[in-house]
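Here chain A shows up in two complexes: once beside chain B, once beside chain C.
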Partner chain A sequence: MITLSDIPRRGGSPFTWPMGLFLAGLATAPLWLAPIGLYQYLGVEIAIWILFALGFNLLFGYIGLHSFGHGAYLGIGAYAFGLFQKNVDVSLWGGLGAAVLAATLAGALVGACLSHRRGIYFALMSIGFGQLFWFSAIKLRHITGGEDGLLGIPRPDLVIGGWRFDLNDNAAFYWFVAAITGLVTLVLWRLANAPFGRVLQAIRQNETRASFVGYDVWRYKWATFTLSAAVAGLAGGLFAMAQQSAYPDVMSLHQSGLIVMMVLVGGGLVSFWGPVLGVLLYFIARDVLGGLTETWLLWYGLMFVVMVMVRPEGVAGLLQGLRRRPDGRPAPLGKA
Partner chain B sequence: MALFTAQNIQKRFGARVVLENISLSIEAGTVHGIMGPNGAGKTTCFHVLTGQHRPDAGRITFDGQDITGLPPHRIARLGISRSFQIMNLFDDTVVLENVLLALPAFRAIGRSPTRKVFGNAALTDRALEVLALVGLEDRAWDKAKALSYGDRRALEIAVALAAEPRILFLDEPTSGLGAEATRSLATLIGRLRSRYTIVMIEHDMRFLFDLADRISVIHWGQVIAEDTPAALQANKWVARSALGGTA
Partner chain C sequence: MLALLPHIVNGLTLGLLFALIALGFMLIVGVMEVINLAHGSLFTLGAYLALSTIGADWFAGTGFGSWWLGLPVAARYVVALALGPLLAGAAGLLLELCLRPTYGKAPLYGLLLTFGAALVIEEVIRLVWGTGEQHLPIPAGIDGAFLLGGLIFSTYKFFAAGFSIVAILGVWLFLERTPYGAIIKAGAHDSEMVRALGYDLSKLRLLVFGFGAALAGLAGVIMAPIWGLRPHLGIDVVIPAFLIIVIGGVGSFWGAVIAAILVGLAVGVTGAYAPAWSLLSMYVLLVLVLGFRSRGLLGRKSALEN
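On to the complex of A and B.
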């Protein structure tokens, strides 16, 4: 007989050991990146993609909507940031606000069109909308700069109280990106482990049952789509700062496929932390394998194929398999 | 006044008329059986009554309120709950959470980004209570997909009960169960009947005749007879149409 004392009080505090490890890694990266032969800018890239991937996984892994066009919202964020700097004001928070706002609006609009669909129809339509945005970015030359994109986007200074930080310095910029990624990760973790996150997972497993116990499935899908687009927009704004430009490639089908691949390889289907592992693995493969051979993408692709065939739960699933509890029972909460 | 009524329900899929003309009137506190041969439209009838399909004609009321054409989640929130013939569970989720998710009090915090999932003792307590009702309290931490067929049937009913329904629709609850499990299910429904209004599709005639207060016989998408089990058994026409053959 199970009594209340057997019920874990988990799902409360986000400060679990993976979170500790993650935040510690994020906070100390500049200290050890160079000594192990990597470089500062890589940290920026990884932090931005982690942000993008974690937001994306709420949609992909949690509620199970397989969007193959999410690069679009990264791109919309990047363009919005650039356009704000050029046309409105050179402002850090203004630019990032515009990036989030634009991606949220686009996400809300597309989400409203897509949330009635599922499976292959959802996937195809998400690609369709993604291509629509990508094509617009190329064709609306007078606004977006066409295929060249927006160049020379400034990195405005960060002002906190009387302190002013020049973000053109890559180290300072890294701290800024890392702080935002850390904060958003805490928020997303909380969301994923609150009732909201549990309902998303229930909907993924059985939409019919979810609606027959009273959940408005459409609304949950739409909200999740919009939220993941908003996070992608924020990542896109930071990406525009990092690259000091915004260009159509950011929202290409290639980018959209890349994020799906990272999340799958990392194990976003079974763990909140899967996407983080996937992003790390990708960038390590790119820089380490890429240093050895020009055909690194071939090897990465092969690894992806083997992974999907042998371990569809990804790296996170692999790790979970290793630390299964001795009595053979799965940990009470599917996702840690 | 009847708790739940369906008046002249019609449902077509393309050119095929599945429900020709269904009228039901279910009194509060009763067990109402629905029987009929395969393909008679019983499950479609449930789908229409609980919102999965919108009827092409007719009117459905619950507690005096017109609920025709409302989406499933709105109907569920009114206190209409159902189980499925083909089981519909959250398979990768533990048994306790399957029930927890169905509690109206959990649904009320479902959008909350900050509450704890298992942190609310009152909620988990209530979920365990429901599990105890169907005898699954010891399996609370097993994944739904790890349960045996009979236990999954019981969980299916537990999830429907967790929604704290005022009326419970059960679609062939004995389907696939052995004699033993069918008997314990009969005991369970016997216990539930004092607390819930129950509408039940069933092929097992003895099971249905033992439990139901009234039975509607559906054939060719129409209600061809409606009466008490005793009266139906005496009805030569029903008996001869092979519907009550096993009774």
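On to the complex of A and C.
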């Protein structure tokens, strides 16, 4: 567990060694993905899911609200991006803006209904709302295209000053996604390590006490929910570009559960970087195990079950275990 | 109003079926405060095991197999109706053993573990029985349809609804009128005192979970002829089950039954006007009920709120 005393009051510089490692990995991925036998598109997928997972973990790991319906906001972002391209204008920033806006609005609305709940009741209600969105996406056939979803969503060109980049090229698209993911990661890290992040953790540890200290718990919960929905929406917009389609499947309980699994397996409960490890592990499992056996999901599920049983702190918790100080106390996690 | 009557009848039968689905889920949540997300998968597993029992999948080649397949469907169906839930219950026992490290921790871990277990069970089903849709045979006596007041009703649905009433009453009698039920309820109420009185709590939890899983399997066998059998059926089942528990209030037996019937009626009546949206009505019901009563219709305070 992250304890309050482990976190410095002010985060200081975000450029710690894990951040350096992360940004370096993100920036150099196209150079080594192909040589180690993987493919370019995998990098895009991983970067988008890392974005989604890091935003989700603010809610899941930091404030301790266990949402099982978060895929809905990814889906809303994807649909908003697609609908903007089809009905308004073929525009990159307009589409991404619409994706973030739509997911933020949905998140703010649902967050307002959920923020006075805690524990399992929050989880159950989040499933309920997630299913509501998923079901609507399937049934509003004339808007969302039903079960097939929106197909043929274009990837508009990126224009910076006088330069124009064609994002239909997967390499160029990767750089674009990686830049956004890197930037948002910096912002989220700064937030998590600011007084704001401290309050979130105080709420997770003891909500009643946090409210007695004078924090408006409801507003913090609502703000965190909305923020993580907004990040999910951005990830959703990018996802719609990557897949060049938006479909209800990403909003299903299955997908929402997968992101919870990824974050937990990686160790989102104990570290800011847990979700990154979790996403990497999932996609490695999918591609490496998936290459060996059809039933890779069975093995991934078994691994997850064993992990919850013996080490719910996830991979990040394992790594921290290795870094214990000689006196047996865990190393400070503030910047890790 | 008269035009609505068949939809109300349909809604009521559907409600009773929903109650049967929620029964095992409710038992586990009420007594052990574990949200068993694997409930739907155990339901599906029970149904598939019954299918294999009737079809003699694994022993068709043996002498016993050919004798077995010579028996009438009704006899095989009755055996499958017992064997499917029993084996699902056995899987539940195994799952409870895996759950043990999560007791005493946040309820999230139980939820996560059963979610993982649901994934594993679903994959196992895919592996063993394939991904295609299958059909569970039923005896001729309860198959077909009958006319009532100029309308056609499915005989099997009425059999299933009647079966649900028997199962609901059976579980209620077990909980309320037997010493075992008293111990189980006491365990839900104050586990420390039950332990102090000398009852083996871990054995109790094991049995309750197994019983809940067996009820899930039983619901699976009963529902399979109506809903069809596919590996990802579990998710369609666990969602209504949990909705019903939340609407009815965690820990309340009759709350869940009332909620199930309300959900059934809502789905049935919406089905009359907007069939495409009928499943959505249960979420609307959830939001409405929880908007006014945050613990559901008859809910009590529970440890799950922390």
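Throughout what follows, the second predicted complex is superposed on the first by the 318 of 336 C-alpha atoms of A that agree within 3 Å, B and C clash if a C-alpha of one lies under 4 Å from a C-alpha of the other, contacts with A are read in each partner's own complex, and residues count from 1 in each chain.
To be clear about the criterion, contacts are C-beta pairs under 8 Å (C-beta built on N, C-alpha and C of every residue); 3 or more make two chains touch, one makes a residue touch a chain.
Values in this document were obtained by computation on a predicted structure and should not be read as measured data.
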Check your understanding: If you stack the two complexes on chain A, which partner ends up touching A:135: first (chain B), second (chain C), both, or neither?
Key -> second
Point to revise | Which of chain B and chain C A:123 touches, first, second, both or neither | key: second
Check your understanding: Just chain B (first), just chain C (second), both, or neither: which does A:215 touch?
Key -> first
Point to revise | Which superposed partner A:312 touches (first chain B, second chain C, both, neither) | key: second
Review point. When the two structures are overlaid on chain A, which partner does A:257 contact: first (chain B), second (chain C), both, or neither?
Key: second
**Study point:** chain A partner contacts - residues on chain C that touch it in the complex
**Key:** 35, 98, 101-102, 105-109, 111-113, 115-117, 119-120, 123-124, 126-127, 235, 239, 242-243, 246, 276-277, 279-280, 283, 286-287, 290, 294, 304-306
Point to revise | Residues of chain A defined as touching chain B within the complex | key: 1-2, 4, 6-12, 190-191, 193-196, 198-199, 201-202, 205-206, 208-217, 329-330, 332-334
Review point. Can you list the chain B residues touching chain A in their complex?
Key: 50, 52, 71-73, 76-77, 81-82, 84, 88-94, 96-97, 101-102, 104, 106-107, 109-119, 121, 124-125, 128, 137-138, 140-143, 159, 162-163
Point to revise | Touch list for chain A against partner chain C, complex | key: 66, 68, 113, 117-121, 123-125, 127-128, 131-132, 135-136, 139, 252-254, 257, 260-261, 264, 295, 297-298, 300-302, 304-305, 308-310, 312
